[in-house]
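Some notes on the structure that comes next.
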């Protein structure tokens, strides 16, 4: 990954950025790294284990990162869409970040491995299939070799959602109730999501207490459904919420379903173009939807 | 009964000290507890409105007065706003007394200097009355109290009582711009007023409580006046829930404010990591 | 609990006996039949659902479709003795994710408090992980500091815990580095050690001995007539200890003292750089016990005051109503985690608030690796100012040298 390392070294040396956020090799696999010393640029890697969406570190509430100065961040296509989301919602200023895009052919579902694996139908993350942003446009630099399309997984994420949709309502509800009953309300899903950046999350508000903090059925269903709804039209499908969930709730299925609904109702899919108006969070007098006028 | 179960308290009086601070006088619903309840100056409790939650305040009345306890608070969040809505006759919850206390007995024969800012007078008021109720045991008593404006002074009625006593030296002040046309006290921030008041440090202890900035600026002034760090006492606030040392929330480094505190000497304070 | 006073002086402190595989199942069945709650590891299909379609929809092909969780058994056949690590620890059976502290009813200004029980029916945990039961004894200390937590103590008093020797799990375990072992009985009442044909059982408390006595028809005395089982047991334990010890060695006392005296050290801040504040580590940790107390209005004139799991990695944890937050950055919050576990708790209670189970490392997908972090602190603590290779140090063996560990 010399192209990436050389670029990083250059950007740090000439002061374009004060820190590069990328991936490095750790004892247990690829993981995020914050590089401030050009000499450390050789730590940077990019391979099929780099599932992490680093854009979570651009959360404006993370003073310790924001205060480092201008940030260089390595982004895959899905990550770049998350940056677009933050730009669209004025959470990040374009000048504050330098986006280093990488050409991506997909990542592993089980990414915590010491060695990168070649992708196949059984090990690829289902969310990667059909990716429309493998060469992200919203970038200042684009590095890496052209990558093949991610292999078709044994069951695509849309097939998974469709399978759930075919269930009668009671069965589907029983399935999700059981999944949400596993929730321990650690809020890993929220913390890692690059678009969950509300100054005070609705789950944390106490006057009134919109969502009960306790991990019983009422609290868990409230939380999980609210989380998904608040990401409708914003979720970029990076899958980090599901990857981070310590009890294995299949959150990407909920998010994907809402993406489908938004696509049908509003003719909208999330892209890495921050100028493209979003159905939620965008108000203009010439809104394309009639009902809002 | 478990340690998280509160006692039931009847609200017998409510005093709106300022536009956003309030004092409640509470009686134990349990007759026996009303007589037997004991605590020491500086201890705190968890007061609750059933349905809103619990909040932490010191016991603001002195231990020398039986049959009731008082608390004073600023209405700033969910529970304190709910407490601002309670009326005489309502029932609230109380768990306590928790924490350590001011070592009032050790101060016998000494001069005692009380310094407080704003709502910080609440925990200090408890000790003031504790000392005044045992007046003979102590030397000179000096009270320096200030608030942002006249409207922000708490315990106004008691300030008058203390001013009227000839065995207490009371200095009240408001921040510049906070005075009214008929204000007869000092005008100035608490810290320079303490310096001007210049209480004697020899054979004296100081009790200091207030917003963090007041404490931070006043400590060196007391040092300059000759007060040793071990002779300056303060009480700390921190976010608390259980009040019993179990929920893991209130620690400052290795010190749990609810169990190892909330009363600390300046010497202990200086040993704490910068995490409060 | 771990009361080691032996009231039956004619019996030796540890009395080994043998139980076959089938015998263990039968014992489990007996317990269930007698109405005793049995908690044990159970292998569950990930995304299990009565609907095969739903299960298939969410399960990733190629991944192990099974994970292990501690569950209340409904049938002896559910007992999993594969010795894999359950996803969540035993903590939730003693400090539930949420529990009522009391309920109330209100009529006008009259409040009536409805207490909750603080005594619980006797129950048994079988095949517990030693790191999980040890955690319970460690948390006992804070739960009885000054005030006795009746809910925690009630559940502890009601529970007999039988450990199953752990083979060591993977490179993220480090129980031996925090003065425990894969065959520890701390916090438990006895230990099962796998041998040919079944297990040797060693009670470690009176309650463990009573357990063996109560179920003696399933046990053969000694090694059940097969001498080699004794040898197997010792080999099994020694091998497991060696495997875990290879992951990490630290001087816990030096680590404690270093953290206690280096609060502002940039190393501590740097170690938390990747942390998202997600709290996954807290929820899976056997010793994390921090909780919140909240009121729930459950109906007109009725409510519940509940405690529920909380954690220091949340920004809200120390946020004052005034808006002031003593731990306002993730670095400060991560420092608190290390401080509480490896310095504060040991200083206050003489116990490390960590049993080396490794769950936090495995569940952290941001790459926070406690083996690496402890190794870095250990190096800093033992030889401040130098950067010798840890292997030469005789210390932390699995981690790269100090200057490479700090990810920045």
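Going in written order, the chains are labelled A, B and C, and every chain counts its residues from 1.
In this section, a contact is a pair of C-beta atoms (placed from the backbone, for glycine too) under 8 Å apart; a residue touches a chain by one contact, two chains touch by 3 or more.
Worth saying up front: this structure is predicted, and the values here are computed from it rather than measured.
J.: Would you mind checking which chain's C-alpha centre is most distant from the centre of subunit B?
T.: So the chain farthest away from subunit B turns out to be A.
J.: Tally the contacting C-beta pairs at the A-B interface and at the B-C interface, and name the larger one.
T.: Pair with more contacting C-beta pairs, A-B versus B-C: B-C.
J.: Where the centres are mean C-alpha positions, what is the separation of subunit A from subunit C, in Å?
T.: 31
J.: Which whole number of Å gives the spacing of the CA centres of subunit A and subunit B?
T.: Each chain reduced to its C-alpha mean, subunit A and subunit B end up 49 Å apart.
J.: Indicate the whole-number Å distance between the mean C-alpha point of subunit B and the mean C-alpha point of subunit C.
T.: 41
J.: Could you pull out the residues of subunit A that touch at least 2 other chains?
T.: Correct list: 209.
J.: Which positions in subunit C touch two or more other chains at once?
T.: Correct list: 292, 294.
J.: Among all residues of subunit B, which ones touch two or more of the remaining chains?
T.: 53, 77 - these are the residues of subunit B that touch more than one other chain.
J.: Which positions of subunit B touch subunit A when the two form their complex?
T.: By the definition above, subunit B touches subunit A via 53, 77-78, 81.
J.: What does subunit B use to touch subunit C in their complex?
T.: So the residues of subunit B touching subunit C come out as 1-6, 8, 48, 50-54, 76-77, 80, 89-91, 93, 212, 237-239, 241-242, 244-249, 251-254, 259, 273-276.
J.: Residues of subunit C touching subunit A in their complex?
T.: 46-47, 49-51, 53-54, 56-58, 60-63, 67, 87-88, 97-98, 171-172, 273-274, 276-280, 282-284, 292, 294, 296, 306, 308-309, 311, 314-316, 328-331, 361-363, 365-367, 369, 371-372, 398-400, 407-408
J.: Which residues of subunit C touch subunit B once you look at their complex with the stated criterion?
T.: My answer: residues 101-102, 104, 106, 109-111, 113, 115-116, 118, 142-143, 145-151, 260, 263-264, 289-295, 297, 303, 305, 307, 310, 312, 317-322, 324, 326-327, 332, 336, 339-340, 343-344, 347-348.
J.: Which positions of subunit A touch subunit B when the two form their complex?
T.: Answer in residue numbers: 206-207, 209.
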